[in-house]
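Heads up, there are several structures right after this.
Look at the two complexes coming up: subunit A is in both, with subunit B in one and subunit C in the other.
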Partner chain A sequence: MPAMDRQTGSRGGGQAVLRVGIPRTLHYFYLGRRWEALLRGLGCEVVVSPPTDRVVFEKGASLSLRDICLPVKAFFGHVDWLDRRCDRIFVPRLVSVHPSRYYCPKFLALPDLAAAVAPPEKVLSVEINAKKAGGSAERAYAALGRMLGAGGDAIRAAIAAAAAAGSGGGAGESARGGAAAGSGSFRIAVLGHPYLTMDGFLSSGIAKWFSDRGARVILYDEIPADAASRAGNGLFREIYWESAFEIHRAGAAIVDSGLADGIAVLSAFGCGPDSFVSDLTARMAREAGLPVLSLMLDEHSSIVGVETRLEAFMDMIAMRLRRAGK
Partner chain B sequence: MKVTYPHVGDLTLALRSMFGNLGIDVVPPPPPGMKVLKTGAIHSPETACLPYKHVLGELILGLEAGADTLMLLGGRGPCRFGFYDVMQNEALKALGYSFNLVSTDNPDTLRNLVREFAAVSPRNSLRGIAWEVYLFFRRVEAMDMVHRTYDRIVPRNLESAGRIMAAEKERIAATTTLRGLIAARKTAKDVIESIAPASAGRPLRVGIVGEFYTVLDPDTNFHVERAVKSFGASVERGVWLSTWLNDRLGFMPFTRSDRKRCKRIARPYLGFSPGGECVVSIAKVIEYAREGIDGVIHLLPFTCMPELVAATILGRVRKDFDIPMLELTIDEHTDGTAVRTRLEAFMDTLAWRRRRRLDAPKEAFPKT
Partner chain C sequence: MGFYLGIDVGSISTCSALLDGCGKLAFASWERSRGRPIDSVKSALKQIREYFDGAPDIAATGTTGSGRELAAALIGADVVKNEITAHALAAIDYMPDVRTVLEIGGQDSKIIIIRDGVVVDFAMNTICAAGTGSFLDHQAHRLNVPIEEFGSHALRADMPLNITGRCTVFAESDLIHKQQLGHSKENLIAGLCRALVENYLGGVGKDKDIKPPIIFQGGVAANVGIVKAFRDLLGQEIIIPPRFECMGAVGAALLAAEAGPSAGGESAFRGFTVSEESIGLRSFNCGCCTNNCEITEVVSGKQVLGRWGGRCPRWTGRPEAAEAVRPC
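Take a look at the complex of A and B:
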C-alpha cells in the first residue's frame, strides 16, 4: 500500500471512502463515541443512525419475532435504516469488558442477529472479550483496522483518537433521554440500561418528564463507581450481566449514600437480566425505605399511560421531603 | 436432613435411585403440573422464564412437605439459568423459609458435584459416592438410549407403547450395579425394538429442538412428542440429558463434546455461543435439513434469551435449507388445545410436502 494512503488511512487503490454505519442503540450508549472516532481515524465515513423514533422502531418490530426484547426490536430498525444508506454496518460483538461478567446473550450474538435482517456480508464486526486472552478492546480495534486495510501507524493513531474520544454515546440532552442536566429541588435516579434510559423513545421520555417538573434526574453513569459500599448486596453470587450489575451497583450506592430521594427502575419488556435484577434492585430500595417506582416498558408504553403513576411517585417524594423538613 | 431437588424429565427418576443408594433422605419433587407452576409463578418476577417459575414452585412445595435442604445446579451465565439459585434463595428467604442451599456452581466440575453429594450423604467414602454419581450418569445415558430408540418408531398402540417405555426406564432406574445396568439396558433396547409399528411405510420424521427444560419435560411441552407420534410421525430429538451432563461435567472423558461439534456446524450462522441451547438448536436444524427430515419443532419458554437468538437466526436457516419449522413459545398461560391445533396444521403441511415431493418428477423441484 502506498505511503500516502497509509497516512490518510484510506483503503487505497483509488476506491471511494467506505461508508460505515453505527446503530444508535444498545452498545452505542456504552462505547459509541469511541467507535465513531476509531472508524473516522481508519479513514471511513461514519454514519450514525438517528435517535430511535416511531418509524425506525416499527420497521424494526416488523423484522423481529414478536416476543424478542424491546431494545433488540429497536436495534433491527436501526440496522435496517443503515442498510439502505451504508456500505457496511459496524456491529461489534461485545462479550465482556470484565473477566467475571458478560453482556446479555443478545449482545453476544448481536452481529449474527444483524445478519438475520441485513445482508450478512455487510455486517462489520470484531469481538471484544475480556474473558479471553488477547480479547481486549485495543486488540479488537487493531484487528478492525487490518480488516479495513489500514496500516500500522494509521491504526495506532485511530486507537489513540478513540481513547481520547471517551466512552458513552454522545453528549447533551438528547443523550440523557431528554432530561436537562443541572439542579432541581429534589433528585430522582432513573435506573435502567443506558440504551433504555438515554433513549427518549424507548423510555417514553420519562427522564424528561421528571426534569420538566423540577426534578434533578440522575442516570446511572453519574453515580461514582466507588460509591457502593456493599458490592454483592448480600447475594451469594455476583450478578454476571455487565449492565445489570452496574444498575444494581448504582442502586446500592444510592441506597447507602443517599444520593437520590427516589429511584425509578425502568426495565424493558422481554429483557432477561431485567426480569431478575430489577426485582432485586427494587426490593433493596424498598427495604431501605426509599421510594421506588418499577416500570416495565414495551412498545405500547406512552407517557400518557404511565403519567398517573409518575405523578403519584413524585407526590410521595414531595410529601416525604416535606415531612423531613427539607 | 431432608433433601429436595427440581424435576427435569427423567432426571427425577435417575436421581431417586442415586439418593436411595447414598442413603440420602429425600422429599421427591411434586408431580409436575399446574399447581407447581402457579405456586412458582405467583412468587416469581412476571417475566422470569418458565423453568424458573417451575423450579421455584417445586422448591416451595418441597419445603412445605418437610424438606430442609435444596440441591440446585448453579452457573455463571450468560443465560438466566445460572442465576436461578441466587434468585430462588432470595425469594424463599423473603417468604420466611429457613433452609440449607447446596448449589453445585463453583467450580462447575464433576469433582465439585461429588463433594456436594458427600456433604449431604451419611456415607463417608468419597470413592463410593463418586461411583454412585458415575452410575447415575450411566443410568441417565441408558434411559436416553431407550427414549431415543422409542422416538424413532411409530407404535401402533401409543398408550401401551408409552407404558412399556416407562416400565423399561423404571427397571433401569432400579438397578444398583453396573453389570445389572448394562443387562437392563440391553433388554430394554430389545423390548422397545419389538414394539409393533403402526404401518410398514416410511413415516414422516419430525425434529424437536429448543430450550433444555421445555424439550425434556413432557408435562411442560404438552407431550409434544406423543402428539407428533399420534399424527403418525417419528421423532428425532436434539436435546438429551446425558449429552448435556456430559458436555457440562465431563463424565466420559473420551466421548466427544456434542456442543463443540454443534458450534462448528452452526458457525456460518452464529459466531459465538450466547449460552443455553442456542448453538445446539441451530446446529441440529442444519443437520436435520441435510438428513432430509421433514420438519422441525422449536420449543422455547417465553422470553428465553438464548432461544430467541436461535429463533431469529433460524429464520435465516429455514430459508436457506427450505425446511418447515414450527416455533412453539410456552409459558404458564399457554393452552394445550392451541398447541394441538397449530401442531395439526404443521403436520398437515409436512404430509402435503412429502406427497408433493413424491408425486413430482425430480427435476421439477430443484434442490434449494
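Take a look at the complex of A and C:
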C-alpha cells in the first residue's frame, strides 16, 4: 500500500476531526500542495488518494462512460477510493483562474461527477471562477472555511499557509511520473497535462522510462511560470482552455530557452483540446529544429507499444548531440 | 574474422542478414512469420547454416522489430534496437546522403527524415494499419490476384479510380462498390495503391519535410503499383535498395558490428543449435502489486532465456532456473 499523506489537525470544542480526501489526479498536480495546506489550516485531517494504479484506474473505468477521457476515468477511481476512507471529498469547481480562459467543461462538472460516485452530501466543493466578480480562489477558500465552521483568523491563516505552500502536488518521484530528479546526459521535456505527465500510471511510465535510461526529464513544474510567453502567437486567437494554454506556453518557453534537447508531447485519447494543441506545440518545436515525439495515450497503452518510439527518439537525440560534439 | 548477424522479427515476416567483416552483405533471408516468431527465427538460423554448409563464425548479433526481445532471448543478442533506428542506419549505410526513408512493412509504416546522416524526425503509424502489407494482402486475396502480381496490375491501369484512403474499412467498401459497377481489376488496384499512398502521406507523412534522395524499403516496396503512386504523388525519384525487404535486419547487423560483442569480447550468441532446441513461451501474472503485470517468459528446457512485460524491473534480468521459487 503506497504511503498516504496525512496529518492530523485539531478543531476546537473536542469535536471529532473531519477527515477530508483529495483525489491525487487532475487539479491535484497544480494545486494539491495549496489545498492540503488550506484544509489542514482549517482543522481537517487530509487524506490524499495513492498514485493511480491499475486497481484504482480499472475501478474508475468501470464507474464511467466508455467514451469519457482517460484522466476522468482515473478521477472516478480516486473518488471511489476516498469515499471508503473519508468523511468528505474535496472537489472544487474550477471554472476559470484567468479572465480570458476556461477549464475544460468536464472539469467544470467535476463536483457533479464526483457526486455520481460518492454520496452527494460527501462532496465538499466551492467554485473558483475568475470570470465572475468575487470569484477569486481566495474568496472561494474563505467560503470553504466558513462552510467548515472556522473563524476569520483561522481562515486568514489557512489561506496564507496555502499561498506559502506553492503550486504542484505531491513530492518525490511519485509526483514526477516516476522519473528521478537530478542530472542526466541529456534533457527531455515531457509535455502535456500535468495530470498525465506526472501520473506514472496514466503516462505508461514514460517519464520514468526516459530517466531510467539516463535522461534528465523536465516536467511542467520546472518550466518557469514567468517564462516569456508567446503562446498563441500566430494563432487566430489566444487558446482559451487553461490547461491547453499552459501546454503551449510551456512548449514555447522550452523552444525559446533551450531548456531541453528534445520534447515528448503526450496527449490523452478523447481530449478535444489536446487533439490540436499537442499538434501546434509539436509543430512549433519542429520548426525550431528541436527533436519532437508526439504520443497519444489511451487506456490500453502498455509501455511495450510505445517503447519503439521512445527508444528511437532517444537514439535521435543522442545521434544529434554526438554530431554536434556535445 | 566473423560475421555480424542481424535478425528482424516483424509482425508478418522475419528477416535475417549477415554482414562480413568489411560490412558487406553476405547473406539475407526473408520469410513469413505466420504468427510463429520462434519457429521463424529458428528457420532463419537453419537457412544460414545450409547456405554456408556449416555454421559460420559469428562475431556479434543484433535483433530488431516488434519481436526483438523474443528474438534476443532466443539467439542471444549483443544489441537489441528498435526498428526505426535499425532502418535508418541501413538506409544511411546504403546511401549516405539519403534524406527521406519510407518504410512500409506487414503491419506498420514509418517515415524517417534524415539530414547529414542523422535522424532528425520520424513517425510511425499508431492505431491505423491502413496501407500496410497485411491490408494489401487481404485486398489481393479478395480480388483473386496473387500479391506478387498486385503491383503490376496497377501499372496496366488506363484510368485509375478514385478510392478513399482515409480508412481501410472505407477503402474496402469503396473498392467493393466500384468493383460491382464493373470496373477492371487494373483500375481498381491502381486506385487503391494511390489511395494508400495518400493515406500514408497524410498520416505518418503529415508535417514531414520529405526531400530527395528518397529510399523506399520494407516488404511493400516490392509492390510496383505503390512505388509508382509514391513517384507520382511526390514527384520525385523513389530509390529501392536491392534487399529492401531485409533492411531492418541489415540495420540490426550494422548495430551489432558497431557495438561489438557485449560481454568481454565474447558474443552473447547462443549458436546455430538454437534451431534444434525445443523452445516454449509461457506467461503468468506477477501479483506482487496491484498492477498485476502479465509477465512473458521464453523457456528452453528448464532454462529461462528471457522475461519481459513488467512495469517494474522485478522480472527483467533474472534468467534463473524456470522452476525456481518466484520472488514475493
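The definition used in the following text is that the second predicted complex is superposed on the first by the 307 of 326 C-alpha atoms of A that agree within 3 Å, B and C clash if a C-alpha of one lies under 4 Å from a C-alpha of the other, contacts with A are read in each partner's own complex, and residues count from 1 in each chain.
The criterion applied here is as follows: a contact is a pair of C-beta atoms (placed from the backbone, for glycine too) under 8 Å apart; a residue touches a chain by one contact, two chains touch by 3 or more.
What you are looking at is a predicted structure, and each value in this text was computed from that prediction instead of being measured.
*Asks:* So if we stack both complexes on subunit A, do subunit B and subunit C clash, or do they fit?
*Replies:* Pair status: fit.
*Asks:* Could you say whether A:240 touches subunit B, subunit C, both of them, or neither, answering first, second, both or neither?
*Replies:* first
*Asks:* Regarding the shared-chain residue A:292, is it in contact with subunit B (first), subunit C (second), both, or neither?
*Replies:* second
*Asks:* After superposition on the shared chain, which partner residues are touched by A:85: those of subunit B (first), subunit C (second), both, or neither?
*Replies:* A:85 contacts neither subunit B nor subunit C.
*Asks:* For A:275, using the defined touch cut-off, is the partner it touches subunit B, subunit C, both, or neither? Pick first, second, both or neither.
*Replies:* first
*Asks:* Can A:316 be said to touch subunit B (first), subunit C (second), both, or neither?
*Replies:* In the superposition, A:316 touches subunit C alone.
*Asks:* On the A-aligned overlay, A:146 touches which partner chain: subunit B = first, subunit C = second, or both, or neither?
*Replies:* In the superposed model, A:146 contacts neither subunit B nor subunit C.
*Asks:* Taking C-alpha centres, what angle do subunit B and subunit C open up at subunit A, rounded to the nearest 10 degrees?
*Replies:* Reported to the nearest 10, the angle reads 80 degrees.
*Asks:* When the two structures are overlaid on chain A, which partner does A:98 contact: first (subunit B), second (subunit C), both, or neither?
*Replies:* So A:98 meets neither subunit B nor subunit C here.
*Asks:* Considering only the touch criterion stated at the top, classify A:131 as touching first (subunit B), second (subunit C), both, or neither.
*Replies:* A:131: touches no partner chain.
*Asks:* Would you mind checking which one, subunit B or subunit C, touches more residues on subunit A?
*Replies:* Counted on subunit A, the partner with more touching residues turns out to be B.
*Asks:* When the two complexes are placed on top of each other via chain A, what is the minimal CA separation of subunit B and subunit C in Å?
*Replies:* Subunit B and subunit C, overlaid via chain A, are at closest 6 Å apart by C-alpha.
*Asks:* Considering only the contact definition stated at the top, list the common interface residues of subunit A for subunit B and subunit C.
*Replies:* 283, 296
*Asks:* Which subunit B residues qualify as touching subunit A in the complex?
*Replies:* 45-49, 74, 76-80, 82-83, 85-87, 89-90, 94, 103, 105-106, 269-276, 278, 302-306, 308-309, 311-313, 315-316, 327, 329
*Asks:* Residues of subunit A touching subunit B in their complex?
*Replies:* Its residues touching subunit B are 64-65, 67-69, 93, 95, 100, 102-106, 108-109, 111-113, 115-116, 125, 127, 235-237, 239-241, 269-276, 278-280, 283, 296.
*Asks:* Residue numbers of subunit C touching subunit A in their complex, please.
*Replies:* Those in contact with subunit A are residues 66, 81-85, 116-124, 126, 207, 289-292, 308-309, 311.
*Asks:* Flag every residue of subunit A that touches subunit C in the complex, lowest number first.
*Replies:* Going through subunit A, the ones touching subunit C are 53-56, 201, 205, 282-283, 286, 289, 291-292, 294, 296, 303-304, 307-309, 311-312, 315-316, 319-320, 323.
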